[in-house]
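These are the structures, in structure tokens.
You will see two complexes here that share subunit A, one where it goes with subunit B and one where it goes with subunit C.
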Partner chain A sequence: MATQEVEATEARPPLSKNLAGGGRKPTDVNPLTPYLFMAPYLVLFGIFILFPVFYGFWISLHNWDYLLPGKPWVGLQNYIDLFTPGSPTSGFFWQSMEATGKFTLFSVPLLVVIPLLVALILNQSFPGRAFFRTVYFAPYVLGVAVVGILWRYLLDANVGLVNYYLGRLGLPDDIAWTNDLPWAWVALVGPTVWWTLGFNAVIYLAGLQDIDPALYDAAKVDGANRWRRFLHVTLPGLRPILLFIIVITILASANVFGQTYLITEGAPGDDTRSAIMYIAEQGLENFTMGSASAMSYVLALCLAVISLANFAIFRYRED
Partner chain B sequence: MGRRVTRQEFLLMSAGAGAGFVLAGCGGAPEDNPAVQQQAGAGSGEEYKGPKVDLSFWNGFTGGDGPYMRKLVEEFSSQHDNINVTMNTVVWASYYQKVPAAVSSGEGPDVGIMHIDTVATNAARAVILPLDDVAKALKLKESDFVPVVWNAGIYEGKRYGIPLDVHPFGDFYNKDVMKKGGLDPNEPPETKDDFMGALEQLKSEGVQGFWVPTVPPGSTWLFEAMLWQYGGDLYNEDVTKAAWNSDAGVDALTWLIDLIKNGYSPENVGDGADLVAFQNGNNAFYWSGIWNINPLRAAGVNYGAVPLPQIGSQKATWANSHNFVIMNKRGQDPNKIAASKVFINWISTHSAEWAKAGQVPARNSVRESSTFQDLEFQSNLAEQLPYVRFPPSVPGIGDVQLTALDPAVNEALLLKKDPKTALDESASQANQLLKENRQKYQA
Partner chain C sequence: MARAAARTESEKVRRSPQQLARLTLSYSALILLTVVFVAPLLWMLSTSFKTNLEATQLPPNWIPQDFTTESYATIFSTGETQTPVLRWFFNSMVAASAHTLLVLVTASMAAYALARMRFPGRNVAFAIIITTLFIPQFVFLMPNYLIVDFLGWLDTLLAVIVPGAAGAFGVFFLRQFFLSLPHELEEAALIDGASHLQIFLRIILPLSKAPLATLAVLSFLVNWNDFLWPLYVLINPESLTLPPGLANLQRSYTTDYAIVMAGGVVASIPVLIVFIICQKYVIQGVARSGLKG
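The block that comes next holds the complex of A and B.
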């Protein structure tokens, strides 16, 4: 590579050297250089993202068990099955998509609004602010296994602490949080909000600190009250952050696995079995990897459409 | 933000496709394994005289049973100068995913433990090797073992598992609660009438005596035990159709549901809640696996353990069994296979120690030993061996339970679906899955 570079420089006509005033222009670099700088990432991207994307699609066109010698080609059959009522996978798959959709629908608004309120409070100056910032963020450092098992026992219908204290307060103490509807959704969404709101709050907080204080001063001069200042200064200032939060929260919620796997274990029946949970069961426990891959693509496609819609909505508002 | 999206996508792909270890490639069929071809001449299983080898032994004994097995393994290694065994435990939940991946990449264990109902699946997937010659070298025969266990290790006419133990369900009863409820703590109920009478007596004292678990797999195991007691079975003879929606199945499930409806059990018993309640003295009877013997003792519960009462028309109980298997590793050293035989034989003959972990040894001679007979609860539950039942040895059978039967029993016990509907629906799902599995494993 080095010799190539020398040759290239020497082969260049002297005229250009003169025009450049003797020194090298910033643009006068080996055309490969930027790609070499990107290479380490591109290699990883290629191996861990690009290749699996295509390989996964290839798998989805077969009945694939990586240990069986026969991996019969089935074309789009795995996809057709997903859209054929009564096939072995379609009922379970759409049930799991519905569960995922419900979880996303219930958790995203809470995870967008509550962290914003928390961030607004933590953005004020008051004694102990740093302490509270840590407190709200703390649950986020726990792994999903800890959160899941902790809440499964806290929320147990018969031996859980939550029902015990509800009973002490004279409230109904026999709610089956983890295996009855609609309570199972509370058991999934509640702990998720408790667990991850700190992360969103930190991002909001960074966004709030980026808003120019002069804008608030100007608004005050114009006689805007707190609510108006929030509506016309804070919210517009947070727009890019808000889009980011909505998009990542939707994607994270749509990928819910650990909570449903540990807290409700899919119960009652498989009403709270999420799409990822079903895909993992099919692909990694039952080893029907072709069909599981097909489900992954359908799920990924749905998420891509939702993400695009988010961008479109926010772009429209900016115009 | 774009990066975030692609990372999420990537997670999806890898979750769905398991793309990471697919790359590792596929292990060949067992007969292609050079170690297998030479295996016949490799050692009697009584003794190993070859060069020193290191054996890797994997199992899922992550609970109180782990230390017992580790002790046995250490004892074995110290008695054999030329065999060193390293034990590695992986929780059962991920064991059956990790082992195949590891074995196919040539990195996995040499010897392992598998449950009897997973042996056929792993045999069909070429994860484990046929062991007929091991059984022959060790002169093991059906009459040395409980027949039902010995025969369950056979897939397509070849033996793949050497049974180590049987772990049946049993009736754990809390003596303190029985006493408090006005029952004789030394007379645990043996018949349906006794049992219902005891529950009624406890109910009158304000105790819900038998908490019916709703969360699989415990709930499914309980249902299966009752299904067999009522004279039903899980599948038809050639395992092409689910049979759990028979009258026997409906009766069995209805009996469990009535326990809840009549207030002998609370509703919505969550995962582990029945065990917690039993330990805390809130219920009297806990029907679960023999592996609870040590944990309950450690928790300081004053309890006894006896065979399940007979509720249905015949005696039966759910059980499973740990089996030794030898892995179909690429490029396996025949010396290691010879050493593995010695290891399996040694542990099997010393399995009385293993029984202390809360197990019933599969080997008759060990069960008849005084060491085992002195273990009161273990030998009580061992009385059930003549009528223990397993799921059939068919590849992919675990998937059918997981996908179809588990949610159905769960919904019925949560009183969300009536038992007949739940069982019928799941049986027709199961029939489809069974058909898919037949195509998959024949292809």
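The block that comes next holds the complex of A and C.
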């Protein structure tokens, strides 16, 4: 039985080679078949991904006002305006970039460290761990709109639960979370951590389970305590996952929109208006789409540089 | 010998409380965190069954004293209204289901060709598709708005069903799985005279139930929750899906929190049900997306 199987698998490769090499597959003589399989997706991909990347850049080279008939060519003027202090857009744009930058700076460390701690606890074997994992992941499936309206209520200065329970703990109970600094940052970062902690923790958990248990045993034999095992086995084993988490969390934070739209509405003033929020306002409410497109390419370029820098730092450390 | 045995014995006794302490600490942290995660959701549910007066009362009643369904009656009323929540629910259901179906069909076909056939241009096509995974979504905001407008899809559900299905994730995800299937599968079928379409439908797809389910659940959740895009391409109150609808609700009923929370409950229940039934697929999908990075 076993020898027959070996023979069968050994006999097969030449056969398949014949098939591929001769190109005479019994029924599939039509060379168009693969393209027909690709076609439905490629139509979507062409219209809504590939073309728009270039079309968006083309728009950014024009004074493209959706509501006006003429869309005069302005070359790089939209970009130059963004880098010219005192132009109508540059001040607001860089203010919104600063808001996005601050949000990213405050949220990413929390979203890298806390989910790792949660994953380390959940990676032990004890009854109920699947239950906890499910509970922590649950907010992630809700979507930013639900998270936004819910936390807007919880953080309401007068009737919100957050201020009420702070008061019960003897802390100030009249903080204007949604329209005062620095509290507005807490009102944006806190719910974001609540919302996405489980997502990162699940990715960490998968990474932890991929680390070879033999490495831990070897470290134990060498007399390494828990902390040293974490430092010398867990962290190096998690390196690719850590890089992945950092990169996607930075990208997700830089895309912040729903929280600022629903929880703070950009307040106080425009201090928490995020870059995406400003781009959407300019392009899709005021319909100055040329300048809004230019902004989105500048933001995309910034994110590309940051992502590449992350990869470079991690590779450098690896050497 | 006896001394060694005694030592291990005492070690056991000494380690046990230590482990117990660690376990207690872990459980305390986990339970505290569970409260932080569950309480807001219960509060949303509880508030949705209160009068608006009670919703703004402190100290808070976790169990409504004046239990009422008037918030739901208000948001489900079908007359002239700026906030037709039932309509939004229906729109979201249609959009997320149609979107999911479109993703499954187009992505699985393309992934099959990319994984199981040789043809000129395959590697270039795959490289281009993969590269676009790294382009942030907001880059498409302006051009796709204009394209959707050109197609006459503004303010229709097509605008939230179709463009999102062009994303490369589904193709990438299914191709990975199709590559892992043994080649003997279709070679035998080809010799027996089967066409690629037959192989795809009768052999590959039935073997791919788990990854297809994962992709279906993720596509449904992402589409159901999408906020920014529908906020701008859907305009009239009757055209909205739930996420931009909730923003509308918050604007219309600023501090009528009982009503706003009822809207939140309506938007949450379907995804929580999908999550609880399909959590294996959701969590595996997310975990695997990390491993490939």
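Definition applied: the second predicted complex is superposed on the first by the 271 of 319 C-alpha atoms of A that agree within 3 Å, B and C clash if a C-alpha of one lies under 4 Å from a C-alpha of the other, contacts with A are read in each partner's own complex, and residues count from 1 in each chain.
To be clear about the criterion, a contact is a pair of C-beta atoms (placed from the backbone, for glycine too) under 8 Å apart; a residue touches a chain by one contact, two chains touch by 3 or more.
If you're wondering where the values come from, they're calculated on a predicted model, not measured in any experiment.
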>> By the touch definition at the top of the document, which applies to A:Pro182: first (subunit B), second (subunit C), both, or neither?
In response: neither
>> After the superposition on A, what does A:Pro85 contact: first (subunit B), second (subunit C), both or neither?
In response: neither
> Between subunit B (first) and subunit C (second), which does A:Ala206 come into contact with in this model arrangement: first, second, both, or neither?
Replying inline: second
>> By the touch definition at the top of the document, which applies to A:Pro72: first (subunit B), second (subunit C), both, or neither?
In response: first
>> With both complexes superposed on chain A, which partner does A:Pro139 reach: first (subunit B), second (subunit C), both or neither?
In response: second
> Now for A:Ala300: first (subunit B), second (subunit C), both, or neither, which partner does it touch?
Replying inline: both
> Which partner does A:Leu251 reach: the first (subunit B), the second (subunit C), both, or neither?
Replying inline: both
>> Is A:Pro172 touching anything from subunit B or subunit C once the two structures are fitted on A? First, second, both or neither.
In response: neither
> Residues of subunit A touched: more by subunit B or subunit C?
Replying inline: C
>> Let me test your reading of the model: by the given contact rule, A:Asp270 touches which partner, first (subunit B), second (subunit C), both or neither?
In response: first
>> Just to be sure I follow: which residues of subunit A are touched by subunit B in one complex and then by subunit C in the other one?
In response: 48-49, 51-53, 55-56, 59, 66, 152-153, 156, 158-159, 244, 247-248, 251, 255, 257, 276, 279-280, 283-284, 289, 292-293, 296-297, 299-300, 303-304, 307
> In the complex of these two chains, what residues of subunit B are touching subunit A?
Replying inline: 1, 4-22, 24, 26-27, 29, 96-97, 100, 104, 124-127, 211, 214-216, 266-273, 276-277, 280, 282, 396, 398-399, 402-403, 407-408, 410-411, 414, 416-417, 429, 432-433, 436, 439-441, 443
>> Quick check: in the complex, which residue numbers of subunit A touch subunit C?
In response: 12, 15-16, 19-20, 25-28, 31, 33-35, 37-38, 40-42, 44-45, 47-53, 55-56, 59, 66, 118, 121-122, 124, 126, 128, 132-139, 141-146, 148-154, 156, 158-159, 161, 164, 194, 199, 202-207, 210, 240-241, 243-245, 247-248, 251, 254-255, 257-258, 261-262, 276, 279-280, 283-284, 289, 292-293, 296-297, 299-300, 303-304, 307
>> Help me check something: in the complex, which residues belonging to subunit A touch subunit B?
In response: 48-49, 51-53, 55-56, 59-60, 63, 65-70, 72, 87-88, 91-92, 152-153, 156-160, 174, 176, 178-180, 244, 247-248, 251-252, 255, 257, 265-270, 273, 276, 279-281, 283-289, 292-293, 295-297, 299-300, 303-304, 307
>> Give the list of subunit C residues in touch with subunit A in this complex.
In response: 23, 26-27, 29-30, 33-34, 36-38, 40-41, 43-44, 47, 55-60, 105-107, 109-110, 112-114, 117-119, 122, 125, 128-129, 132, 134-147, 162-163, 165-168, 171, 183-184, 187, 190-196, 200, 221, 224-228, 231-232, 242-244, 246-247, 249-250, 255, 257, 260-261, 263-264, 267-268, 271-272, 274-276, 279, 282-283, 286-291, 293
